[in-house]
Amino acid sequence: MEQTDLMTEALNLTFFGMGFVFLFLTLLVFVTKFMSIVIGKIKKNSIAVEKNHCCEAKSELNEETKFVIEQAIKMHRGA
Amino acid sequence: MEQTDLMTEALNLTFFGMGFVFLFLTLLVFVTKFMSIVIGKIKKNSIAVEKNHCCEAKSELNEETKFVIEQAIKMHRGA
Amino acid sequence: MEQTDLMTEALNLTFFGMGFVFLFLTLLVFVTKFMSIVIGKIKKNSIAVEKNHCCEAKSELNEETKFVIEQAIKMHRGA
Amino acid sequence: MEQLNILWSNTGLQQMAWGQGLMLAVGMLLLYLAIVKKFEPLLLLPIGFGAILANIPSAGIAEGSGILHIFYVVGIESGAFPLIIFMGVGALTDFGPLLANPKTLLLGAAAQFGIFATLLGAIGLTAIGIFDFSLTDAAAIGIIGGADGPTSIYVASKLAPDLLGAIAVASYSYMALVPLIQPPIMRLLTTEKERKIKMVQLREVSQTEKVIFPIMLLMLVALLLPDAAPLLGMFTFGNLMKESGVVDRLSDTTQNALINIVTIFLGLAVGSKLMADKFLQPETLGILVLGMVAFAIGTACGLLMAKLMNIFSKNKINPLIGSAGVSAVPMAARVSNKVGLEANPHNFLLMHAMGPNVAGVIGSAIAAGIMIQFLG
Amino acid sequence: MEQLNILWSNTGLQQMAWGQGLMLAVGMLLLYLAIVKKFEPLLLLPIGFGAILANIPSAGIAEGSGILHIFYVVGIESGAFPLIIFMGVGALTDFGPLLANPKTLLLGAAAQFGIFATLLGAIGLTAIGIFDFSLTDAAAIGIIGGADGPTSIYVASKLAPDLLGAIAVASYSYMALVPLIQPPIMRLLTTEKERKIKMVQLREVSQTEKVIFPIMLLMLVALLLPDAAPLLGMFTFGNLMKESGVVDRLSDTTQNALINIVTIFLGLAVGSKLMADKFLQPETLGILVLGMVAFAIGTACGLLMAKLMNIFSKNKINPLIGSAGVSAVPMAARVSNKVGLEANPHNFLLMHAMGPNVAGVIGSAIAAGIMIQFLG
Amino acid sequence: MEQLNILWSNTGLQQMAWGQGLMLAVGMLLLYLAIVKKFEPLLLLPIGFGAILANIPSAGIAEGSGILHIFYVVGIESGAFPLIIFMGVGALTDFGPLLANPKTLLLGAAAQFGIFATLLGAIGLTAIGIFDFSLTDAAAIGIIGGADGPTSIYVASKLAPDLLGAIAVASYSYMALVPLIQPPIMRLLTTEKERKIKMVQLREVSQTEKVIFPIMLLMLVALLLPDAAPLLGMFTFGNLMKESGVVDRLSDTTQNALINIVTIFLGLAVGSKLMADKFLQPETLGILVLGMVAFAIGTACGLLMAKLMNIFSKNKINPLIGSAGVSAVPMAARVSNKVGLEANPHNFLLMHAMGPNVAGVIGSAIAAGIMIQFLG
């Protein structure tokens, strides 16, 4: 009697378990595809804008900062 | 009375302790020598065999695997 | 009533806190300056002495040790 | 004279039970497999050495305040070590191939049937009276089929701590045996023509996708299966550190010093569970047999799922990449590649197989979450 | 059917309170700030991820035997993580510029007024009934103005553990916002002429001075404020390891593997304090506002102190380096340099600003010691 | 006004006992030895700093929930830190020279007489009423003569925790003093002719021997002296990781990040045992004197054993390598080499001395095991 119950429980667990694994990963397939499509669209729209905007400014700024730091260190050492 | 007992115990510990240290390390000398001799003999017998066998095959396999992986990566990147 | 006490305590804490922070860091200013002066004086006196003394000897010793170790390793490998 | 007696009565020789002697031999065997046969040496060397230390008679290294027992309590009972390793695995994982071809996630799903088939097998063997596994034992054994060491150890520490040693050893041993276990099954279940299928080139995946994927995966876990959140949380955290590109120094340390340190202590702590009285039980034999079965069934289901998907799909997939769905990253993907090359020496499946391979990691963590939810 | 119900009733969707949903969004926001805006990503990425993990419904990762709660108890409640980070910060700190110009220590002192002003503000808001902060809460909030993450976390763990999450988030966020918060205040409180002041070249500092300074600092702490000794002790220990030059392998590991490992777990553990029921309180808003005020006042006081010192001193200092006294190393020093360059493109203030910058670290540790002594 | 009083009554100045002041000076002395004299700085710098932190009046860093006390409980009371260090030492040890000339193991055995002579000395001084050492105290003190820091700390933590601070300091100090302590004894006990003995070239040792040796050593320990198994187990584990060649990433981390991290915390934790009330006892003076005696006797016995072996052996060994049997790796071997070069500038003994040098590590771990077995 008890053994049968155990077997039933195991079968239940298998049934729900495999079902859930498939459900979850199928959902993940769709969500992933959806994400890729959305990102692809956003990218296309923003590529031109972004490239001319923030990044150049930023790298300029970084170059400047780098230069300043190097100068400062040089001056400090040269003392 | 108590102090003498302590001294006796200390002497006992010294006697057994040094004895055991020597016993252990002497044993280790013999076991080590025995191991070296055994390994030396096995090595001599198997060197020729081994060299022509597993190792070449293995390195070939590794070469192959390496090549495959490199190709795969190249293809993936070239996309 | 209670709120006023809280405010008084907070004011007290602020008063003593800022006071202590200034006291501590002012003290640190003086102690630091004092240290720098003392070290500067000691340095001047000892620079000539030290340079001709310990350091050369030490580096010689290190050179020697290095040579010995290298030789030993060479011999060991060359076996 | 009395002192000599004490010394003698305390030597290992005097006190060694036959079981401990046998376990020392088992420890040696694991060291042999690790060092000479190169079976997952990063884990099996510390586990084997831990097993030897744990079975030194009267030393008590794996009990009470013994150091291996401390490592076990601090690192495994708390769940910390397997979770940190999983974080490191995440930091070493590239979801690119999976993102380029998301439907390979289904292969990772199918291969998890090995887990549940093994669970059924264990309960079946109990029903007919050969072994005596509880449902929690059976679940922990099943996870061996997930082919992820840290997942197995994590689940076993929650559901069946007594079996942890045997489960971990089986898990890492079979992961090492993947190149032997899988190819015959792969050849049996696929036709020559199927093995020759060339797959379309994978597209390049943007960094944005790689950054969002782990967060999205975690959100899905959070919504649907919170009990898988510790495992997949740490896994996606490691991956996010790597892909975000803003915390490279944390990511580097995770992939190197941190994962190495934790691997050493995890291995030793697992070894401490290989004490004679726990390990030398008929159950261990059952675990080893069932673990092997789990691998075989998982492999088969991955292959069959790939064939099934080909019926409904236009872009055919080579069914050989299905077997990589059991995970055992990256070994199983390499096996797919190798068997593929036998059929067509110009068909490189490695990258294609990496998709189901990492999908298998996710799949078995999900399965682990289900086990913990229902039985934990 | 019943099992389906269990599964459903255990999913996060079913159990999610609105608070947890909101906190997941907060976690995402922190990840966004860390990854896209590059706001102190080393801390805000783990904190944000920890916040997400902590708020996954029914997963319990930040409670009981959940892994984040374990990290919190082991690492933060004990004080170990912030102290180890502080040791690492010490090993990364160069006291050279400070030793070359010790009077800049006073700028680091003045900037601490932000801490106490905020304390007064918090108590004031309590007095007029807007919030309900105790004196210990107010002290912990004030330390945000010290602009040192580990100091804030350490003090909050001692005085106001319930507010730790909000305090840590505010602390690191505002440190990241230093380049936005400080420049307007700096321009407002200084004249163009003051901003153009060129400072005399810093002298070179001998290694002996650098070795003796941390020991001397610790001795002063030992004599005058023992409650600051854990923080400044670990800080000076790290610095001594670096400057002594005899334990380079320890110093290197401290600056790399050790600080990285601890940063990961500190971040996750702090994130565990961002649970909905604790974080979604009106107090959090108060903390965010007060933290911002603390930064602003600290910046202003540093600047004003510099101007005051110029009245009495022959060697004029550029008041712009005063704002660096809030610490936020090295961000605040870089801001001083940048605003200085705007006034005079050949005036590099970076090295000069490093003095008050590290002085600010010492200053806020002292303030922290006072808080702990009177209220701990 | 009251608050000013509290502040004053809490300052260290007010509360400092003369003992704490003295201990701060001792801490400084250790830092001086570490930094200026380069005495084992990897340990003595953290120990010295720990001593200073532990003796800051009313800070309580080494008591209760103070951070150093936490480090002590977690790392030393559990045995974890010394054992992990020993694993690291194993990963840094090359048994090659020992395997090429196994009879040098006997030199490592003879040198351990220093340990037992010191034990007798400590009990003798107790018998005549000068000190009051128990047998466990005496045993822990004796291990200083083993010249292995982690072994000393491990044994002291088991047998005489109150003396741990003094024992650790003595152990590392004398290891640093080996180049001063040993040469006079070496010159006294050997003739010029003996010092000129040239030894036969060491044979090359195969990797197989190097892999099997640690396992074999552990098996012998398991059979004969289980109480030495924790120490020698971790030691041989570290060595096996290195020599097996299959887990290089674990071995590298063990030799670098891991051993460095643990060294830092071990040092601080040992320092926490240098609190005034424990350290400023007449016993400490006894420990320092006895430790020196232990070193001297160990050195002498190693030399005499070498001379004894030359009576019975065909291949003469240079007795100068006998002194390396006290271990203090690799310092003592270098001293042998140096004194040898004085007698014959073309006689390089370094490699020959490495054999007894590592034998001394094994020997003192065995002696430690005996102490723990009889007294633990």
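Here the chain labels run A, B, C, D, E and F in written order, and each chain numbers its own residues starting at 1.
To be clear about the criterion, a residue touches a chain if its C-beta (ideal position, glycine included) is under 8 Å from a C-beta of that chain, and two chains touch if they have at least 3 such contacts.
Every value quoted in this text rests on a predicted model; they were computed, and no experiment measured them.
If I list every residue number at the interface of subunit E and subunit F, are over half of them used by both copies, so same, or under half, so different?
Different; most numbers are used by only one of subunit E and subunit F.
Comparing centres built from CA atoms, which chain ends up most distant from subunit B?
E
From the centre of subunit F, which other chain's Cα mean sits the farthest off?
A
Please tell me the distance, in whole Å, between the geometric centres of subunit A and subunit C computed from their C-alpha atoms.
Each chain reduced to its C-alpha mean, subunit A and subunit C end up 45 Å apart.
Just the number, please: Cα centre separation of subunit E and subunit F in whole Å.
41
How far is the middle of subunit A from the middle of subunit F, if each middle is the mean of its Cα atoms, in Å?
Centres of subunit A and subunit F (C-alpha means) sit 50 Å apart.
Counting only residues that touch at least 2 other chains, which ones in subunit A make the list?
Residues 13, 16, 20 of subunit A each touch two or more of the other chains.
Residues of subunit E touching 2+ other chains?
Subunit E, residues with two or more chain partners: 3, 7, 224-225, 257, 374.
Applying the document's contact rule, which stretches of subunit E touch subunit F when the two form their complex?
Per the touch definition, subunit E meets subunit F at residues 78-80, 83, 211, 215, 218-219, 221-227, 229-230, 233-234, 237, 240-241, 244, 246-247, 249-250, 252-254, 257-258, 373-374.
Name, in rising order, each residue of subunit E that touches subunit C in their complex.
On the subunit E side, the touching residues are 98-99, 102-103, 105-106, 108-110, 112-113, 115-117, 119-120, 123-124, 126-127, 135, 138-139, 205-206, 208-209, 212-213, 216-217, 220, 224-225, 359, 362-363, 366-367, 370-371, 374-375.
Applying the document's contact rule, which stretches of subunit C touch subunit E when the two form their complex?
Per the touch definition, subunit C meets subunit E at residues 3-4, 6-7, 9-11, 13-14, 16-18, 20-22, 24-29, 31-33, 35-36, 39-40, 43.
Under the stated contact criterion, what part of subunit D meets subunit F in this complex?
3, 6-7, 10-13, 15-16, 24, 28, 31, 34-35, 38, 41-42, 45-46, 49, 52-53, 56-59, 61, 65-67, 70, 256-257, 260-261, 263-264, 268
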